[in-house]
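Presented sequentially are two complexes of subunit A, the first with subunit B as partner and the second with subunit C.
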Partner chain A sequence: MSEAEKLGPDYELDLGWMDQTGPWDTRAEESRNGLTLADIQVGEYGRVPDESDNQTGRPRGAAPRSGSYRIGNYAVRTKSEIWLDNASFLYEEALQRQWSSATDVPWHTIEPLPDDIEQAQCQMATFLTEVEFVAGDVPARWVSQTTPDFFEARQLLTAQVMDESRHMDVFRKRAMANGGGLMAATGATSGFVGSIDLSRDFTEMSARLHISGEGAVLTIFRMGELMAYNDAEKAMYRLCAQDEARHVAYGVMHMRYMAETAPERHEEINCYLDEAEAGILSGSANPAGQAPIVSEPLAILLGGGIAKFDEGFKKLVALRRRQIQEYKKRVVSAGFGARFENGRSRINEILEQAAAA
Partner chain B sequence: MAKAVKAAAKAVKSPHADTVRKAVAAPMLEIPEPKLTWMNKSRQWGVRVKPGKKGLTLGSLNVGIYGEIPMDWPDQTRNPRGAIGRKGMPPVGYMLRSKAEVWADSAADLYEEAIQRRWAPATDVPWNTVKPLPDDLERAVCQVSTELSQYANVEIEVISAWQHQMVYGYHEVKQYLATAGFDAARHYEVFRKRALINGGGLGLEGAGQVNRMILESRGGWTEAVVYLVLVRGLFVQTILRYLEQYAYNEAERFIYRNVMQDKARLLTYGLDHLKFAIAHNEDQKQIIATLLAIGDGLFIRDFNDPVLREALAIIFGGSIDGARGAGMDVYHDMMRAYISTHLEYCQWLDVPRRVPEPLEQYAPQD
Partner chain C sequence: MAAFPSVEWFDDVRNIFNNEDSFRGGGGGQCNCVAGIKVGNEIFVLTFEGFECAGARQASLGDLDEVDFYLDMEILEWQAMIENIRQNGHAGLGYTLNTLDLDRDERLATSVHGDQYREDLFFRYNQTLQYFFDASSRIATEFAR
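== the complex of A and B ==
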């Protein structure tokens, strides 16, 4: 006697579920880059609703059950609030470009440095360890509040949390790899009103985090060769820059989607950008900002020691200019460039003040 | 070599670095005198951690004061453990500030392992090995894929909802959970891809009682871990183990094997955490026992839903006809394996456990 008979002799298969499916006969095909998220956007499965009524966590396109609980309680159910058109592409890139701070950074190339340089490097590493995971904590919170109907955007945020975790750890590793240690925290990402953590709206958060905060850090990472003293540090900055570029792209593309689909929110978004610009150099979340706890170590690294602080400071100011140029390009690309033409943006004025400080 | 590393090796020079270098020659405004108040501020200087056999790992950094991990971490800023905090900073609002609420000794190692064992559904799964299946089998595989994708969704939502509430002092756990959330995202994706590649589609959404239980576990992360790992996680792990044996092509085998490997890390973290929580809270063991007893009712309601059971039996039996005999035999065997392992884990945790009557048929006979 079979187990089935022993355990349930009258057992009959129901099989009613076999006819309850999403659209059938679907056959996604691999493309040059494998079977990507973009490749499975076929037929109805690729249709993303402008408003999601999915509160059960149902995979988009699956057949609903009439008795399912409304357990989703998702705060983000409007597509324009979180969407970007290239989320699938960026997510797949994130998967392909994962790296390991344990084994992909050539730590053996680190040699003892003069004490002032080592201290500056460790202070910078302490700062980056401190701030990088704000970009892990905050996106995580939004992931859990977003309907799975917008899963492409959510997947990308999940990848960002992963990336930031690696950034937090690579800089901690750097601080402890060369005879130094962690130094002083800045408190840069504490619970201030207007901070990334306290944003009540995803786009507000994205303007602060992706466009302003990570944008400024990306410029620094891209210039990593100017403050790196060995191949390990160069690798660290370059690898982090790749990740950070995706995060900034999220912000730009999301804001562009907003610009195109939610004209009623333009003024509000300009307000977020006003705030972001006001804080871009004066806040201590930008390593090239005006707070001495971050700008001084950076100037020492750029100059080549305390004795060359003046040279380093000149480079720092040039870096700030570069940050602002890149920021402006991003905002223009996102569809909010008019603010630089109509006198609304004070960013040039802010830059000149900072340069003179 | 990782693609990121190759790309980084090519990006040797920033196109704008020269502009910054040339700034040195520019006439300059007033340059402030450096204050250097941050210099010589370290709780422990002179640390030199060397890479070991597995590289420079997160766990290897826990030397000297950097390895001191207190039982309570009241600081609600992002002050890295071992750094000198800044006084007077408004709190971020972290809710989980006690080590017993989050900790597992294995977290740092699991974090590094997750990074080393990364895989990409788009390119690592041999999708070309998926060939047309008889309609009943394809429907069964698609139904199971739909439910597993939905399970992964719950995992994403639960992990991401708790992770950001954990203080910075226990960063190893936050970092491990970042990998676990990313793993879950990959699982969500890979099962969706499987459902949509072979002439099928998504099936019926899951029954959802256990999903609800996991999502509504608001008493603390430990409570969520009980349901996410000890109930659902182990159940999924068992399903995957059987699916791997009865996979119909190399792609499915690859998927089940790799998802299982990811899930094994979550199981390890979860059990390790529960053990730690029990060791540091005398009431915790009983709380877990109570949670499990409550959870049984919902698990049984999910279990009584025929959809997943029948879909699995069809896969195990090779057809609808096969499901009625051999397929259901394998299904029941799978349930016995699940209950048996679940009881072993509870015994290891020293949590009192009684198998509820509707599941007694699956309990070990001795």
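== the complex of A and C ==
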């Protein structure tokens, strides 16, 4: 006998849940790009609190449930700590511009390469798989620490985790696709990249991950098109660069929000940038940096083989300059450009030292 | 046959780009930016909205102040890129937008305002921009010399 039959015809429905609603009579309308997150920011549902006391996983705008457990240990409950003004827009963009590493990369265009080129590609693929683990792990941790009241930022971070997962698998696939395989782990996840996961504050993490780390990797991904030997590698690097540019956009827009709304934290943020700049060319975190395990394969790929290493190294130096130039302009765009005028930043000095080394 | 560069040429490419579903996937998709095209001294402005390139117009040097970024090459460089796309059906290894941007002393993509956040749109929407120019493989192009 089913439960419904057991209750019998005289069972009285509770229906109390019908009175427990958020604001009613909501009619969100789709815009040119469909029904986006921006389109459902209607009335009270669109109001993001400056401070959140939501510890129960209650969706923003839903009626609270009395006696509910504190299911979330949300450390981020102050809006400015994680906010950016265009989170909804970037989230929709992330959803719309997804791609498949299985079918959108023309793997059939890969042909046998000279041994030194294949080994260099595989070393770069190993390195990029390694660092993308960090880029996926760290935002995931911050998603779970952020109140659901800031769901726009949370969902954008969740989309980033999906992107990074794809980056991990596409470079692993490249290593396996042409007679090579994974090579030595570079240790990139220690040192500066590893320190990203030690951040105790979201803005500290974002400055390290989005602005410094992913900004540098974005230039590498774009440079990937220059060191690609077939259409598959071109597509792989181009599509990763698109995703990475979106992650960098998170960092720039978050820092811009902090510049405008949290003047009491400017000095602290400048300290994060000091640290990021000190590490940008040292260690093995940046393949355009000075560690041979990553800079040598990069120069070999850019030059066209070991015999043309010097030619490749010149391109690598140009790549470093471009990384630094783009980094500086992003920091300016984020509202912290004064550090390049008041003598605080040592980035130019670091670049000159690297060129002379 | 439309001549490059001209509004007619960009409109022909827009017509193909806007009606091809495959350009909306595979890393393509919604794209919102205003891109300048500088061919020698001639300026054009392309407006991308959602899935479409919504408009192409001839412009002046001063209009470049307003675009997010602009792509700057001499006519012979544009011609080499477009002819390569026509031959391959898409940009060959040396002619993708990213490659052209990186493999030359002067950048392909730049801006007047110098705001890297806006210049980064060239990277964020690169596959869509590549699809747009790759669509030119389906039209015949005449070059004014």
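By our rule, the second predicted complex is superposed on the first by the 345 of 357 C-alpha atoms of A that agree within 3 Å, B and C clash if a C-alpha of one lies under 4 Å from a C-alpha of the other, contacts with A are read in each partner's own complex, and residues count from 1 in each chain.
Here is the rule we go by: a contact is a pair of C-beta atoms (placed from the backbone, for glycine too) under 8 Å apart; a residue touches a chain by one contact, two chains touch by 3 or more.
Just so we're clear, the structure is a prediction, and the values are computed from it rather than from any experiment.
J.: Should subunit B and subunit C be called a clash or a fit once both complexes are overlaid on subunit A?
T.: Aligned through their shared chain, the two binders clash on subunit A.
J.: When the two structures are overlaid on chain A, which partner does A:Thr56 contact: first (subunit B), second (subunit C), both, or neither?
T.: After superposing on A, A:Thr56 lies in contact with subunit B but is clear of subunit C.
J.: Determine, under the contact definition given at the top, whether A:Phe340 touches first (subunit B), second (subunit C), both, or neither.
T.: It touches nothing on subunit B or subunit C.
J.: Once chain A of both complexes is superposed, is A:Leu218 in touch with subunit B (first), subunit C (second), both, or neither?
T.: The second partner, subunit C, only.
J.: What is the contact status of A:Arg246 with respect to subunit B (first) and subunit C (second): first, second, both, or neither?
T.: A:Arg246 sits against subunit C, while subunit B stays out of touch.
J.: Please name the chain, subunit B or subunit C, that touches the greater number of residues in subunit A.
T.: If we count touched residues of subunit A for both partners, the winner is B.
J.: First (subunit B), second (subunit C), both or neither: which does A:Lys329 touch?
T.: The second partner, subunit C, only.
J.: Once chain A of both complexes is superposed, is A:Arg32 in touch with subunit B (first), subunit C (second), both, or neither?
T.: In the superposed model, A:Arg32 contacts subunit C only, not subunit B.
J.: Looking at A:Ala228, would you say it contacts subunit B, subunit C, both, or neither? Reply first, second, both or neither.
T.: Second partner only, subunit C.
J.: Applying the document's definition of touch, where does A:Arg238 land relative to subunit B and subunit C: first, second, both, or neither?
T.: Once the two structures are laid over each other on A, A:Arg238 reaches both partners.
J.: Pick out the stretch of subunit C that clashes with subunit B after the overlay, from 22-30, 58-66, 76-84 or 112-120.
T.: 22-30
J.: Touching subunit B in one complex and subunit C in the other: list those residues of subunit A.
T.: 33, 92, 96-100, 104, 222-223, 225-226, 234-235, 238-239, 241-242, 322.
J.: Considering only the defined contacts, which subunit C positions touch subunit A in the complex?
T.: 25-30, 49-50, 93, 96, 98-99, 101-103, 114-121, 123-127, 130
J.: Touching residues of subunit A toward subunit C in the complex: what are they?
T.: That would be residues 32-33, 92-93, 96-100, 104, 218, 222-223, 225-226, 228-231, 234-235, 237-239, 241-242, 244-246, 248-249, 252-253, 256, 322, 326, 329-330, 332-334 of subunit A.
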